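Scrolling down, you'll hit the structures one after another.
What follows is a pair of complexes built around chain A, which joins chain B in one and chain C in the other.
Our next item is the complex of A and B:
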């Protein structure tokens, strides 16, 4: 049967599903697009916690955490290629309650990051304008609504736009790096004067631990690539390729960003500014670089919010499709092939948080949900390899040195939780209490609506030991 | 200029939000709920991946 709305809309056989139109470049754009804003603001607060050297140490150690995340995610997602990403992984490997929690981690992490991006964009424009009485709310509203509209209209255009604006923002970091003669100290850069043995670690090693909380910003969100699993043409190839390429890109960007900023600003200022790269552009004395970094800050915030809307909507959509939430949320737009109701449902929530929350609160909730999700991933991969050992099912990618990345990931998550507890202990406890209560609701009420057999869709053999 | 840009942002937001609401209404009244919620996880994988090693 064919239902026809207009010439471009045809629904074959009464089925409407997401479209497989994406390639590895879109996966890269989704992952790096979400993350790159962290180079333009956020990572530098690590310098406030532990000094400039601490910001560099966590850049590499948290880089190790995220490399583990990217490797583990690539292996599991190249096998469980479904919208919802880590939610679908948890459902098949751990169980429904874990999956429900993981989906909520995803929705919270991405929605709060989207809110933070919109606030950052609004504040950046207001700071540039310097007009008394100018409010950031109009810019926040435009960011969230325009990007939601873009997501509503189709994933291909959404991620094409993300690819272009992410590439421009990334190239601006490269241009800044080469414009300050990085091979010559003393001409523009003064690293040896600004970072000395006396001030490199002003609070000692506890400062390095505390800096973990903000070191997360260097890479927060790279795991979002997996949300595109149901829309990429070849998940087993595109997802590992796009995710690993994204991680390499980000490691390079993080190193360049730290080097330029730490060589231009004292750690006391670097640790409190909201615009480290824009400030670095100003400090070079070049109006061209200053304006380029201003525009790049806006584009990075836009790319991040755009990717977050895409990912949060797909996680919410997946919950509806499995009846973990009302099936109403699992509707797919018959023309644009997007989870349009989930996009529209999350839109006013993001707007409300963006108007009432401040940047620190929003990003702390995002980071907390993200780290909870990474902790799950370390356990998930151990269970995955145990239940379906190598050779029992086809994997698009097999990550090396198992179980070392899982152990490293788990240990670094524990350290990060401790660091968050030092800075935002009450928020951490409130968040854990929230997830505990919502789990009770799911277990005792909502799970009765779930079609228990239908939710497991992967054509795998029975797991070992079952 | 910045104040004008601020008003333009409000205008664009309202227009796009209204367009999405209109399209949502149009789609929901044109198609049945069964069609709109017919997406199933893993359908393509079930066809293309046999997992026989």
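Our next item is the complex of A and C:
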């Protein structure tokens, strides 16, 4: 027998709810676990769009974008601690239609990221095996199905696994970095000969702007830490701490990854390879490093896909719980306490796209939904501070320099939309058209099934201006 | 304000709505792939002379390409496959209009719904 949850306000007492079992380390593992795969593949497509130096410039500037995301997110999430993360924030601060869209951004961003991870894992194994005719489909299917089963069985086990494999993958980057004597040039690393004044920015500054698209991939998904809001023991402490620690971890990993990879391979190759760090391991000439980076690539892909299934399912679950989608999706497993129907529903969708999309297409789908979400976040924090000024409600964390991070985030989102236009414009228009049409469906049809006042579950006073 | 009581949705209605969402997801993600709208807009600037020098590769770069198993002939299509960043202003304007229109609709429609939520939530007290 399964139990279907009613809206969050009624999730009390004897009703089956998500378990509060996670600490800051799990939050770190969820955030970094999802994102770290970006160092193993994806970020390097920024070199394709603008050259090796452009990939470094966007690593820093997009790092600024994500620092703004982490600061804003930490404040709002430590205050709106509910499953669905940004979805719950939108529901309480902007309104139901925005919440519906934000949940779709999350589901698409994470599901397509999961697809990218599975493709990477399958392609990496096929490349390592070197057997003619070996297809990646069976590896992709096994990855997605096994991880969905793991998520079905319980969040604590899922994130414990993530913590271990993320840590191993991260340590492998550090080992690679120190193994190539980063303090000397010429022995192993040859940055001066590979990134020259003539090829550093092959497309000029327009290439730097274009590179923003895949620069997002260095960090995309760190905001996923908020999805665990209903399952952490102390949201006000764990979420800001885990998210900020995750961001610092990723900034260090991104800088080390760029330095080693740009010093070991020409930008034209760096821009198209699916496995820059594994290739870097090979080019050092050390079989130990080559094998270590091969295993780390697989582990990073597994950790990311694992976290993505966790996050996408919780966003979908929240939509069902609030009746934005049929309530059938809001069931919690009576034994494992996981949103199992949402996990199972998204499984075939991920499988289907893993078989029909290629890696950079899947990544672009994910990035598009991510940037739409960040645009929302920049406006959301302004509205949050306006409707509930400081002192009017208890905040777990208050981010400094407001509204500067919001303005920086918004401006960088505009630049990233332009970057996506430079090469992937049709895809962007097609996806926004989809979101627009599904919004019309929600606003004029589906919303009739939604309870009005019951959506607002936080114990806050009436927002100012209403 | 009177409390809004939503209608109960039948099982058939729920199944239909799930089908709508699934179809919408596949159309949004699969159609661009099928129509060839997804993916990078790149093209190969072919060279007659396929040497490392002609491809702009210095001896260090050439040695790395060779270590990776490439010759000037096999590396040609990778090195010369380039983006051509020409700003197509009509498409850019359409993209900007679609994006701005989408966000304006989202915020305005959300605000209308939000006022109902707030009125019902706080006027009951």
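Here is the rule we go by: the second predicted complex is superposed on the first by the 452 of 466 C-alpha atoms of A that agree within 3 Å, B and C clash if a C-alpha of one lies under 4 Å from a C-alpha of the other, contacts with A are read in each partner's own complex, and residues count from 1 in each chain.
We adopt the following convention: a residue touches a chain if its C-beta (ideal position, glycine included) is under 8 Å from a C-beta of that chain, and two chains touch if they have at least 3 such contacts.
Everything quoted here is computed from the prediction, not taken from an experiment.
In the superposition on chain A, contact is made by A:428 with chain C only, not with chain B.
By the touch criterion stated above, A:340 is placed in contact with chain B alone, chain C being left untouched.
When the two structures are aligned on the shared chain, A:190 is found in touch with chain C, with no touch to chain B. Once the two complexes are laid over each other on the shared chain, residue contacts for A:453 go to chain C alone; chain B is not touched.
Counting residues of chain A touched by each partner, chain B versus chain C, the larger count belongs to C. Contact with both chain B and chain C is seen for A:328 once the two complexes are overlaid on the shared chain.
Within the superposed three-chain model, A:366 lies out of touch with both chain B and chain C [touch as defined at top].
Of the two partner chains placed by superposition, only chain B is touched by A:391; chain C is not. Residues 327-328 of chain A are contacted both by chain B in one complex and by chain C in the other.
By the touch criterion stated above, chain A contacts chain B in their complex at residues 3, 5, 11, 14-18, 20, 81-84, 88, 125, 129, 131, 134-135, 138-139, 141-142, 145-146, 148-149, 152, 230, 318, 320-322, 327-328, 330-335, 340-341, 344, 347, 391-394, 457-461. Interface residues of chain A facing chain C in the complex, by the touch rule stated above, are 48-49, 90, 94-99, 101, 108, 112, 190, 193-194, 196, 198-199, 202-203, 206-207, 210, 264-266, 268-269, 272, 279, 282-283, 323, 325-328, 345, 349, 352-353, 356-358, 360-361, 364-365, 375, 379, 417-418, 421-439, 441, 443, 446-453, 455-456, 462-463, 466. Note for the complex: chain C touches chain A at residues 3-4, 6-7, 9, 14-15, 17-18, 20-22, 24-33, 37-42, 56-58, 60-61, 64-65, 67-68, 75, 78-79, 81-83, 85, 87-88, 91-92, 94-95, 98-99, 101-103, 105-107, 109-122, 124. Chain B makes touch with chain A in their complex at residues 2-3, 5-7, 9-10, 12-13, 16-17, 19-21, 23-24, 27, 30-31, 33-46, 49-51, 53.
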